[in-house]
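Just so it is clear, A, B and C label the chains in written order, and each chain counts residues from 1 on its own.
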Amino acid sequence: MTGYDVVVVGAGPAGLAAAAAAARAGCRVAVLDAGPRPGGQFWRHRPDADGRGHHGWSTFARLREQLDTVDHRADAAVWFVEAGRTVAGPAGAEFAVHTRSEVLRGRRLVIATGAHDRVVPFPGWDLPGVVTAGGAQALLKGQGLTFARRIAVAGTGPFLLPVATGLAEAGGTVVGVYEANDPLGYARRLRPVLGAAGKLAEAGRYGWRMLRHTVPYRRRTAVVAAHGTDHLTGVTVAPVGPDGTVVGTGTEVECDGLAVGFGFTPQLELAVTLGCATRLDSDGSLVLAVDAAQATSVPGVYAAGEVTGVGGADLSLVEGELAGGAAALSLGRPPSWSARRHDRLLRDRRRLRRFAAALHAVHPVPAGWPEWCDDDTLVCRCEEVPAGAVRRAVRELSAGDARGAKLLTRAGMGWCQGRVCGYATACLAAREANRDPGVADLSGYASRPLAQPVTLGELAADE
Amino acid sequence: MTTDGADVVVIGAGMVGAACAYYAARAGLTVTVVDRGGVATGTTGAGEGNILVSDKPPGPELALARHSVALWREIGATLGEERIELERKGGLVVAASPAEHATLRAFAASQRAAGVEAYEVPAGELPDHEPHLARDLAGGVRYPQDMQVQPMLAAAHLLRAARVRVLTGTTVVGVRRDAAGAVRGVLTDRGLLHTTMVVNAAGVWAGEVAALAGVGLPVLPRRGFVLVTEALPPLVRHKVYAAGYVANVGRSSGDLEVSPVVEGTGAGTILIGSTRERVGFDRSFPLPALRRLAAGAVRLFPALGGVSVIRAYRGFRPYSPDHLPMIGADPRVPGLHHATGHEGAGIGLAPATGHAVAALLTGGLPDVDLRPFAPERHDVHL
Amino acid sequence: MFTFDGRPIPTDGRRTIAAALLAAGVRSWRRTRIGDRPRGVFCGIGICFDCLVRVNGVSSQRACLVVAHPGDVVETHGDGGERA
């Protein structure tokens, strides 16, 4: 068993950038990822991918080359992380990172575990044929598969556009993109930010590609119900007001696939287990609090990318490089960047975070989504807990917050441990108590000491 | 809420507080329950829901436990056993070695003399009771009176049935007393609650509440972990634990003590305890403790080796220096009552505790002799 | 080819079980334990555990993560209904 200077968890844009930066500074670095190939969700690709249809592939190719100087572990989901005095190992090791096949020890840890789709429930959302936007994208980019024939894309956020165009270009019929918010209404306010980030042109390109595939784009519109018995056969699409309440008559759209996403939820469990402080970000997600050097509140633990606030791949690359450099510097190995390069990174981070905040402001999760749910609409898919049970727990059993609702209803206690329903349950419980979801609600779903299921036999093996 | 009042203010909306509120309300008192968290979000929400007579030697705690078992049956009938997942499944204590078996049998004999139903199960008959149990065990004792309940549901439904006011997210910041030192009110971060009677059911945090009333109460945290598996078809019928558990419950060492306790739940998951550590409120999850829990469970049920653990949680048991709860009126502060220090037995002992406290609050005589639980018994600083 | 509940399903040895099943027109392969509802792929990245299957006798494998190798025996996964 060998010790590393820096162990990076996650091989997406942030993790790869962090690993490369720390390695360039002379650190012995390991980067591990649950996926079969590096790249994370953003650069998810097939084994023979040549980069066509991928954004920033040249950046990825450059980072991938630098993996030569780094120990990269694929198919290495981390199920537990230990810190401090409980870690036995080579002198100086502060952290032990457990995967099913090995234990990696490092003096510094960079958390770059990214995010997964944030979804909110609506009647019928558990029918086969309804997938997350990221799921549709993963099947397309990672497996070369269009998950259905006639596909609706719904939710909110800029991510819906590449998902829709990708599906259309791969031969799917995209019947419509239903955006719950009104991004164009904000265009004037956003223009300086969008322009500065070069994102306006990107949005324009997606617009052009959607036109080419005659994909209708509807603003202030939501999929408020999915229909079918054993699989999806159609969705109800309805005009919604600024808070998501249905304001007109819904129409039924025939489709066998629905890709839905309302932004992203950062994956914080490893950091939370280590005790890293969190904060509520402007998109309503719990994220890790970091300082200017991307250091968390726990000494030796750095964080980069979506875990510090959902902001996209460009921001992740910048944060990753800063985090990897800072981790190296803390070990007495100054990063190889020039003062100018460092200034540039800090400037880029400021600009891209502003841009991310602007997008969050344009694409909030519509607060009124709980109104789409009947009392028998499932909120927790694993334990099959309906919305009505969560509402009753608050109303009749004095469940004051999401954790109380969870303990009384089992919402979030199943296989996924609240990854899918945690945000929704927090919103639902808070709404029933006539307040906004807060840190306490979301924290009730952030702690998962076991970050992956592990068999009792495996757990007992080292005893 | 600025000023407001009740006959009695119960501090703590866990299982013990809920039981105190329920029986006090049933006795005709107006009750307000305050908790800085939510209902059952403290130790109650971190337990397994044990209602045990099997782990208690003859003595005052066993008397409390036997009364509680009877009251739990009543509560089950009143609230509906299914609603609170009350299962009269019985306990099965197993011994790994002949020596352990001899000790267990002697222990069971002493309990039998004190009125506990305890039936010896020879090694060869263990599979009849638990088909998946390891085959190399020395024997066991079956305790039909042991039960299990979903403690969060039990506390919440008990509070609802009591029709009492529950103020969650409300922190007690002071206890108002008159010139004679008697309780006159409870000061919270949301206002003052007038009352002449307070029940301190703040569990592992009861020492802090006692301090607000100017008295010491040595309640300390004893950390424990529980592993939760994926949902399975019924595989473990009883609450099954190793005979060493009883020894560990009564032990006072600060080191990590592990004795396997395995049981199924109404939701299909299997809960695996138990660890005991005195490490203050350390909220970390040391892997060695989790590994030893897993090893203990697989030792008892080899079939669990391939079963996935999907969750681990931690709790802090309210522990008193002599391992006995603190229940009763505090002679140092007229009007102040304590109901805490039940360590890992709070769910099981809650009804008898609440029943006895309600008797004290209404000037009656408790059904159980509370003298061994006198809250001021540890008071040595005067 | 691998088999899904005895039915042959094509695989190139690189696709995940979920992708191979979807490509073969199989849209759901699990029934939930309470409501007996059909489930297939939802998150596609190993988060939601909706797509659990038994692979070569090992339960609770995420079809969206596990590669379908030729000869694999994949079976439907009734929640909590098979290990007793």
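By our rule, a residue touches a chain if its C-beta (ideal position, glycine included) is under 8 Å from a C-beta of that chain, and two chains touch if they have at least 3 such contacts.
All figures in this text were calculated on a predicted structure; none of them were measured in a lab.
Student: Kindly work out which chain lies most centrally, taking the average of its C-alpha atoms as its position.
Tutor: A
Student: My parser should flag the chain pair with the most contacts; which pair should that be?
Tutor: A-B
Student: Roughly how far is chain B from chain C, centre to centre by C-alpha average, rounded to an integer in Å?
Tutor: Here chain B and chain C have centroids separated by 42 Å.
Student: Mind checking the centre-to-centre distance between chain A and chain C? Centres are C-alpha means, answer in whole Å.
Tutor: About 24 Å separates the centre of chain A from that of chain C.
Student: By the touch rule stated above, which residues of chain A touch at least two different other chains?
Tutor: Those would be 383, 414-415, 453.
Student: Listing for chain C: what residues touch at least two other chains?
Tutor: Answer for chain C, listing residues that touch two or more other chains: 33, 60.
Student: Touching two or more other chains, which residues of chain B qualify?
Tutor: Residues 230-231, 306-308 of chain B touch two or more partner chains.
Student: So in the complex, which bits of chain B are touching chain C?
Tutor: Those residues of chain B that touch chain C are 230-235, 268, 303, 306-308.
Student: Going by the contact rule at the top, pick out the chain B residues touching chain A in the complex.
Tutor: 13, 37-41, 45, 152-153, 156-157, 159-160, 166, 168-169, 227-231, 267, 269, 272, 283-288, 290-292, 294-295, 297-298, 304-314
Student: Would you mind writing out the residues of chain A in touch with chain B in their complex?
Tutor: 80, 82, 86, 98, 273, 275, 383, 393, 396-401, 403-404, 407-408, 410, 413-415, 417, 448-450, 453-457, 459-460, 462-463
Student: If we count contacts the way the header does, which residues on chain C are in touch with chain A in the complex?
Tutor: Contact set of chain C toward chain A: 14-16, 18-19, 22-23, 27-28, 32-35, 37-50, 52, 60, 64-65, 67.
Student: Mind listing the chain C positions that touch chain B in their complex?
Tutor: 33, 58-60, 79-84
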